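In what comes next, chain A is part of two complexes: it sits with chain B in the first one and with chain C in the second one.
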Partner chain A sequence: MLLVALAASCSSDDDASSDLTGTGTVIIEFDNSMAGDDLLLSASSYTNSQNETLTVTRLNYIVSNFRLTDEDGNIFTYPKDDSYFITSEETGSTEVVLTDIPAGKYTSLTFGIGVDQEKYLQGAEGQGDFLSKAEENNMMWSWQAGYKFLNFEGTFTSPTVTEATNFQIHMGSHGSSLDNYKETTLALETEALVSDDLSPIIHLVVDASDILDGTNKISLSEQAVIMVSEEKSPKIAANVSTMFSVDHVHNGDGSAH
Partner chain B sequence: MKTYTLIAFLLITGTQSVKPNEIPTKPCPQTTSATLMMYDDFCDTCGCSGNGGSMGFGTGLNNNFIGLRYISQNYRSRDGIFANSPWIDEHFNTLQLWTQIPLGERFIVNAVLPYQFHSREFADNTEQNIDGMGDATILGFYQILKQTPDSIISIKPQHTLQLGGGVKIPTGKFDEANLEGSVNPSFQLGTGSWDYLLAANYGITHRNWGLSVMANYTIKSKNEKEYRFGNQFNYALNTYKTYYFGTNFALTPQLGVGGEYFDKNEEYGLEVADTGGSAFFGKLGAELNYNQYALGVSTMLPIAQDLNNGKVEVKSRFSVYFNINI
Partner chain C sequence: MKYLLWIPLLLVLGSCHDDSGYIEVEEDERLAVTIPSNFPPMVYDIEENPPTKLGFALGKKLFYDGKLSANGFISCGFCHEQRYSFTHHGHQFSHGIDDLEGTRNTPSIANMAFFSEFAWDGATSHLDLFPIIPITNEVEMGETMTGVLEKLQADSDYQKAFNAAFEDGGVTHENFLKAIAQFMVMMVSYNSKYDKYVRNEDGVTLTEQELEGLSIFNEKCASCHNTDLFSDGSFRNNGLPPNPNINDLGRALVSGSAEDNYKFKVPSLRNVALTAPYMHDGRFGSLESVLNFYQNGVQDSPTLDPLLKTEEGLGISLNDTEKLALIAFLNTLTDEEFINDERFAEY
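Coming up: the complex of A and B.
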């Protein structure tokens, strides 16, 4: 009884930061994983539901066209020319930094995987320095063939392929004939607070097991090198669009994670 | 772990092999366990979401003392968010100056001044150390039921009941950067916040047996970094028996259980994922008294726990103290 009295007498002060003004930075961390385990390139292996065991040596992908929706449903669209990024587990560049975000309480994040047709159709000169970045990161076939949205490589074994065999999954839009650009919208369970003093970090978990073992099942034993494939690459693109989820949002001045 | 098993073994065998003497007819006035109804450090390792603690025992005797106590707490926590993220070992060490002094007939004041030195080792074998003052705590108790001074050998059971409240002062440093790297946000010297405590102690003694129950609730406030550790509820139940050896010595083995419950932490008024939780401990200890001196050891081992969504585990706690009754 005493305890109840004690516990009940506690007060809660929930004055969430009220007036957010100015602009801040939003950092989006893409934390790559394999079915709940941290993705360790060349080091760990993972067996999927198709009984194929993969060791991943490369996971690069393009993310683009970032938009943030606030608590009132207003959408802030990041300037399109600056809104193309390559994340690469190899180089360790897995953060996207969006600057000059207007103050607000953001509740969801939308972005694309790959490069949309509108951007691609601006031609090579319309790409700015993103073209050379893509080349440096093995994310281009050729200008004509276009960008690789996803570059996923490694080795695998399976009941039918007992020798470790290379696999290469390069997914993209293939010029303008096949559009594999997809977008995803993620609800932020904790609001991301942005202001002159507040620069949140949105920590995403990327489950790369979805690439082959998502909604669509793609068998490496059947085909280990998948690039331009009108049948399989749209399935992979659909799988890739589901591999992102929000682990947590860290609000703060951006210095600590 | 071996150490603790050994200590437990020694205590138990010690208890059994010692033939309890007759209670001396003229016990030296301050022989029995002191420390005991001490509210104990709710939150000594900082503010502590998964920490702090309900260490300590209560005998119901309200001797007044000043002493030094060392507390060692071992945790492990996940450095990362994945199933294969490495566990890192965290060691929280606290050295406390603690005291209980009377204020008139019915009031007693408890105060704790901690010095902390914590360390943790990351998967890449680097080590992080933090040390410095912890958060000081002052508590005042009103004694609703109080033992009569000469009642140690009373025939009837004696009851004590104390209700109190206090404040934890942010004398320890809260470093936002320590939130990085590990999911254990409690790797801190202090909460950085003014926290308020409510506490209740009840004790009953009969001849040389005793039982005590304590409960306390810590209301934590937001610190300057807009971080707020979750409110904390601690409870403990202890039993003990005092064996007298001659007129100068007494030994009091103690056995009990205790638990802690933590609300989730908040940052900028928003809940922080993977915080909060609860833990339930078994406790074992003993206090040796010689005239006005008391030497005590106690250990707490978890029986059940779910801290920080399973990402923090408490492994053990151990304390040793030396008090002088005043």
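Coming up: the complex of A and C.
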């Protein structure tokens, strides 16, 4: 709460933007949770509105195509080839670091979940080492040479499934027939200030309970392994796109959270 | 009648800023990509990845290198043999590492640059990314992309070859996939007897029976096997009774849609006389059996292609004379120049 208060007091300084010059780094922290509780892999269990109790063992997802909009509506698009990241609760890699961001007062953040068709259809061009990262993080659907946008796994019980049963939710695009890439735009109530001296941290809370228990209700008791489902995968993709919210923005030199 | 895209480009490679006195500079050059006049436009964007002498040579080296598999023995060329138009002759299913067998028959990789979806079920829509599928399939090459790259990075010959072939050299996935794609893009089969006949080349003519076969083909087969690629690239259920031991759902495995159950990509018929066994699961040993199936064996199902379900019944009506003529015509699609082209040969 102290951080929030401090951040708010920074942005209330009306003269700040005129002093912002050069470039800085923007760090985006993806703080994974389950309906307000901290997400602890292979430990805590979480009961959702469908009366299903989940223990999560894996939560990995691809975030991409980062864009920042400033107070005047100018959009800064992070270079596309460098704009694909895997966040993994398993490995603890839950930060995205965007470098060389032009100085400014940024009021909203947009990003995609997954890999867009435009990128996919570039083939090898601009791949960088993303294939290796995807493989390391279990985000490759090797049999269709595509990416899992979301890999969410664990065990669950419910009134009808009383033995702990594995669940696997792998969501991605379905070849050329179904595009599950989605984008989300989050307003930054506290502007993120970037300059040679200022590198803000945008702290997002990710409510992973939305994956199954968001706008669309996905019952594990009905189907516990969902990988390529024409009906359910788009619903999961829609749920995933709503699971991000801004908790706070910490303006500073990026060294402290 | 054919024309070549011929854009010479000399790339001077090597460490130009090396001041050791002697500088070894290997000259790369862009290769001419064949676009036959009787083909539809090429789908592959060669400007994104223009085949060059050294890129192609690297792609060929990779294609024939067992390092791409987990046990070091299964190369791409193991299942894609040139003399059978890059299919796995005599094998119903692709044979992988540790004697494991897949569930599908190895398709030809001739003329892939003219297609937009790859594998029997269209599991990828970019040729560059296709090699990921067999390399990582546990019953084919059983490797990981990361594992392959580590092996290549540890090999000084490959380090040199990658650096020479690509401006932003280095043994990376991007360059790895581009090199293999360059090799495949160059594999254009376009000099069969039929091609020379349709392009009016060298005074080649078809026999009366072959012409009759062509006319029957155009009437009864060419709605799916269309253009001079002999495939419209679509996914269709041709009425094969599913093999109960496998029950391969085909395109539905990619799309997740029940409407795609048992649909497979319409294969090209180029060099079809060489690519037995036939169908996605290699169930038929001869072209006669294939035609007998279309005449008598088509099974109805909710996703059967409507073209195979007419007022006259299921399948395609063919008499014995017509079948012989069709086979005579299909034999004119064999391209001896392609299967003997030394540019693509392993040895």
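Note that the second predicted complex is superposed on the first by the 234 of 257 C-alpha atoms of A that agree within 3 Å, B and C clash if a C-alpha of one lies under 4 Å from a C-alpha of the other, contacts with A are read in each partner's own complex, and residues count from 1 in each chain.
Everything that follows uses one rule, which is that a contact is a pair of C-beta atoms (placed from the backbone, for glycine too) under 8 Å apart; a residue touches a chain by one contact, two chains touch by 3 or more.
Everything numeric here is computed off the predicted structure, so don't read it as measured data.
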item	value
Contacts of A:191 with chain B and chain C, given as first, second, both or neither	first
Chain B versus chain C as contact partner of A:33, first or second or both or neither	first
First, second, both or neither for A:233, with chain B first and chain C second	second
Which superposed partner A:140 touches (first chain B, second chain C, both, neither)	second
Partner chain in contact with A:178 - chain B first, chain C second, else both or neither	second
Residues on chain C engaged by chain A in the complex (per definition of touch)	48-49, 116-117, 121-130, 132-133, 136-137, 144-146, 149, 172-178, 181, 251, 253-258, 260
Chain A - residues contacting chain B, complex	2-3, 6-7, 9-11, 13-17, 31, 33, 36-38, 40, 44, 189-191, 193, 198, 203, 205, 247-253, 255-257
Partner chain A, residues of chain B touching it in the complex	80-85, 163, 176-177, 179-181, 198, 200, 215-217, 219, 221-222, 225-226, 231, 233, 235, 267-274
Complex contact set, residues of chain A against chain C	120-132, 135-136, 140, 142-146, 174-178, 228-231, 233
